[in-house]
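The block underneath contains the structure these notes are about, expressed in structure tokens.
The letters A, B, C and D name the chains in turn, as written, and every chain counts its residues from 1.
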């Protein structure tokens, strides 16, 4: 680890180590929480910004590797920064810069001594994510992978007094651990037995197609468990809301992306020789995950659980992008594969940005009003104007609406799926557009969900009497949210710059880039393959709408007049307009329950007719619990019950066991 | 020189279409009146309504926020842009590359989201009721819409409307069965998106049955005028997209003036026919129950997917 | 030097006697007679070691004969008698499996032990190679006896019988282990029995009976 | 010379404490003796590193890289356990559960137990190894029944009967081994010396050796706690005083496995095929699966961690059974980190049980709230034992799983399932104990928890950065075992 030549890898390692140091400092100052919130978190933000710049630099610089002094005897820790890890470092640094700024303000109020411990776990969490992105051998990767899970577990169970948090933390760590073991086994398959675990050795190991598929399946489900893919997603809606809001922003925004990074790194880089059947599996799982995630998000009335289910949905969209690129790569169309990969990675960055923004918004609401249940919110736009604006930008971005960044990545995914005619097998060729339709459906459903969230939370009348009027978010918090909102706009309006960077990444991974005609089309027009094929210019969108907005506003004011007066809204002749008449979050989701009834498991308590205080209670449950998870738990219980009979207390039976083992072995030994 | 004429064409097309949009609505209402053997208020009625509304004083609810007041202008801007992009009179206008078909769908989704939010801003139950139903129709219609546009773009290997128009219109005449399916599906989506009869009755006063009207219940004066104008613009935009994909003949190239005149004439004829067809469809069918809408749009989606499969199987 | 076959016949006789005693202990109903049989087995073991020592004139074997005789014939039986009197457990032995079944299983075990020892005894150089099968059989029989007993005392006696079997195997296969190991083993057996005695007192104190079924609480049913 | 001090110190300590074991300063004396032993072990280890294996006392004692690291580990853990037992035993005496002369028995037996462990490790004579193992059982059986509760009596009785019968099988195995060796090396003392056996293991009679290995495996396997023979282990660990559970789990199981591995080396040389390895793998896998599934049924915390010891011993046996440089290296590392982590956990558990007055997990709540050091000690300890990465247990499991995935892929699904179930069971039960509202009261004497965090620090160090000489040490040992 020589510092003579200062390359991206040295920068990344030093910055991550500084993060750990900051964590330690936070713990040291545990007695003085103000010091922690005023100095440690902003310093963490500065380190995050530096890491983002390193990532940007790494995407354009040559690959740099280094060896750290620590690690197993014949396997010291190898670290490597190439364009792919550079991109994810940019993602990690950029998003955690905003979140750290927000946390500086968010934790200021709590004031108790747990802030020191919280800052230690927070910064160790960031540092372990940093190391995951630059790890270059299986051992270091696994160590930092599960340290990430461990540190985030302690953050999830920060308020460990509530039984629900503890249960969420337990399920989270259990699924993370099982996922990690399956990743480990996939490395085991790849490593070829001579004890050399560096990623270069894994790349060179050539595998028979059977073992390559086994490695793919293990890696896919291992990383899928961490990303919240469909069958293994149950921990996500429990764990993310349990953590404090900035931490759930970090977990939803960035930690899920390290799983995507792992998947791309192992499948594209280490296993290589991708087959289109793998791509099809990823595609189908992605489509199912995205549709399932958004359908369940629509049913939630807890804001943070809703956002967590949306993370599941967006992971599905990312998997669709990556699945498309694997299908094209498997059937020999590198250019279309590049487009799919760029769409997937671009959506990873977009989701990190707007999901982080939305969770920070939810945190600001929780801090000022103490509310998490949407049915108790309402009319907050008057009390929290800034948060409302930033939340609106985040909501428009996640609903994939044109001028913002959500639309760009979804548009690219559509363009990639329109390359379907290139494929030979007619089944896949017709399946890809149907997956595109599922993507469109889930995008539209997200739009509906965020109209519900924004409408119920911010607009209309207040549904719940608050003890004192909620205060707007503090200066730090607004700065954090502003940074992420600006990022949404920048990524939405100037996609060509980021697509160019991603082109380097795909050059490094698939040895193929977008056609140069697409690159040459300047910063105004985003062109995926050829301008004849399709082009999109977000800046023109924004300019024309703004111009028309200003033009009509002025013309109407000049030609006619701007007079305005206030009065009661139309109440259809009904005298008292109370806030209970407004539609609740569950009410808004009623059409979805009607149309997609079989998907849900609904427990409904309809009050009796003569009930003086009728309360309508309804609980939507995830079918996966009693379809997959409780059968497994029951089977384990059943099995341990039978095995329990082995230990049944009588000494003569124990002697009999040892006698029979002896006889059996003697017979076997002959 | 070509660049200058392009810009002039662009401005001309935008202004012209914006002006004739209320006319299209007036014509449709007039045709409906004739079909129901009523004399009807006349084709220019929408202009009179707009003029009246612009003169009145705006009345706002107490807790209407800034969002509520700015939504009409955003709506109008979006529709103006949509009409500017679609090759109504001429193809390959300067704004054309700004968006392809998918971006247009996104633009309409943006408009729909803003209208729904404005509806919910007042805090009465009607606004949220309308918003919920509008979003439901929206998410059901979007996959069907995209599937029809995919069929067209799979044939012409591009999603940008000028290229589609060039390949389908200016190329030699070929009958595409898949396009037939897509056309029927497109008409069903058009009816749903523009709140026409089978899904929603634009001229109803029963709050509980409204979808689109419920959201703009609270608007008055200039805001209501802009919203009404935007609605007619949306209808015109949808109809012109339909022309561009299914009936692309007669659209001029940017720059040749005489082609423009012919295109304008052809456009008027096509709009008249389309308006009459729409009126006929509306008088023939009655408004469906709100929870029959999913089957309606489900069939639209099936038809579009069938069209695409036919395209893959028959290579047509 | 007396003719070898005569002495080997004597050793085979003693081995057969040992097996008979093991069988007798297996089927014995009363504790006191069980202890007397154990003492007899110790005596036969000492005698056979003496014969082996004499025929193969290995001086250190005499030392182990003396210790075996002292421990297995005198010390342990006396100690067990003293224990029985002290704890006044004058009662007969309940068995987990009834006696005839134990007999049958015993015979099967003996057959199994013989065909197990067949390959070893061909290559064994010692004159007493044929007795290895009997030694293994007596070990398995005493193991069965431990399994099938309800009372703590009889279980301990089963264990001591197994020790006798082991010693007999040692002498028959290899003319006895090196002395330091032999002494270590005998010392362990002695301390083991003392500890068993301590346990008897403790169990008696807490459970007022030496029946094993009190000792079945710890389970993970 | 160091061997004399190394064995002399605990033996002398045993005698001295037998006389003054009940006095006030007895715990300090006990720690002093253990410290002396540990220093001797360090000197011996330094000497072995410097100039390789040595044969001492006309080949009665043999020290090579394999058993010297176990000697160092045993001495260290014995020393830290004696440090832990100082306040623990005072609190037990304070609460009146232990009378002074029982303390005397405890202290002297503790030292004698250390003596037998070190003797078993150092001796070159397989017979003496057997005697030492039998003596180890004798010294600890009385300690298991120290509290005189019906349950502890039952546990002690079962421990004694099952282990004695097991050890008897091992004696017969040793006799067969001696029988086979006598053919080649001639009678007299040398036939039982492991070094000589090791040289001639190629010429030993295969059929006899396989029978001998069966008896040795069943015999010492009972002491290791392998699956069908494990029944005594949970009772003995749960009912005895905690320092004894720590020492039993941490050291006795390792030494028993050491004996099995020594036998495997000879048998593998004699047979040539992998009969011994397959047997060990079979038993190891069976233990891992059975222990994992029994974990979820436990209500007593010490029984829970006793089953976790069975599971980890199963993993080690599987590793040694699989053979190959990588797996053996993983097995050795796992032996070290397991005994360090498990003893640390038992220290924390001991004090936690004392604080809440019960060992039933349902009644212990909110440890972090009432006493952060015990709470965090238990939490980090259980995370370490479950193989969470920053700790060394993960390093050995990593190497084991990847080697298994390559050499014995059929076994990995079982390992995966067992590790998953074990994680769910242990963490599911430890988490509510550590988090939540506090339901426990203060301790009369301040708990000595430095050993817990020293152990966990070493395990963390082994996970992240292995010092080169330690790695060299393990590699030599792995080469020896093959």
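As a working rule, a contact is a pair of C-beta atoms (placed from the backbone, for glycine too) under 8 Å apart; a residue touches a chain by one contact, two chains touch by 3 or more.
Treat the numbers as computed from the prediction; the structure is a model and nothing was measured.
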By label, the chains that touch subunit A as well as subunit D are C
Which chains are joined by the largest number of contacting C-beta pairs?
-> A-B
CA centre of subunit A versus CA centre of subunit C: separation in Å?
-> 71
Taking each chain's centre as the mean position of its Cα atoms, how many Å separate subunit B from subunit D?
-> 79
Return the distance between the CA-based centres of subunit B and subunit C, expressed in whole Å.
-> 102
What whole-Å value do you get for the distance between subunit A and subunit B if each is reduced to the mean of its CA atoms?
-> 36
Expected list for subunit C, residues touching two or more other chains, is 116, 143, 146, 155, 215-218, 220
Among subunit D residues, those touching two or more other chains are 157-158, 161, 165, 211, 234, 294, 297
Any chance you could list the residues of subunit B touching two or more other chains?
-> none
Checked against the stated definition, the touching pairs are A-B, A-C, A-D, C-D
Can you list the subunit A residues touching subunit D in their complex?
-> 69-74, 138-139, 142-147, 150, 157, 160-161, 163, 166, 169-170, 173-174, 177-178, 180-182, 184-185, 187-189, 191-193, 195, 197, 636-637, 639-641, 643-644, 646-647, 651, 654-655, 657-658, 660-662, 665-666, 669
Touch list for subunit C against partner subunit A, complex | 96, 112, 116, 143-144, 146-149, 155, 212-213, 215-221
Contact footprint of subunit A on subunit B as seen in their complex = 54-55, 57-63, 65, 67, 70, 73-74, 76-78, 80-81, 84, 95, 97-100, 102-103, 106-107, 109-110, 112-113, 116-117, 120-129, 131-133, 135-136, 138-140, 142-143, 146-147, 150, 153-154, 157-160, 163, 207, 217-218, 222, 226, 291, 294, 301, 305, 308-309, 312-313
Footprint of subunit C on subunit A - complex, ascending = 644-645, 647-652, 655-656, 659, 663, 666, 670
Subunit C partner, complex, touching residues on subunit D are 125, 127-128, 130-131, 134-135, 138, 141-142, 145, 148, 150-151, 153-158, 160-161, 164-165, 168, 171-172, 174-176, 178-179, 182-183, 187-189, 191-192, 205, 207-208, 211, 234-235, 238-239, 294, 297-298, 303
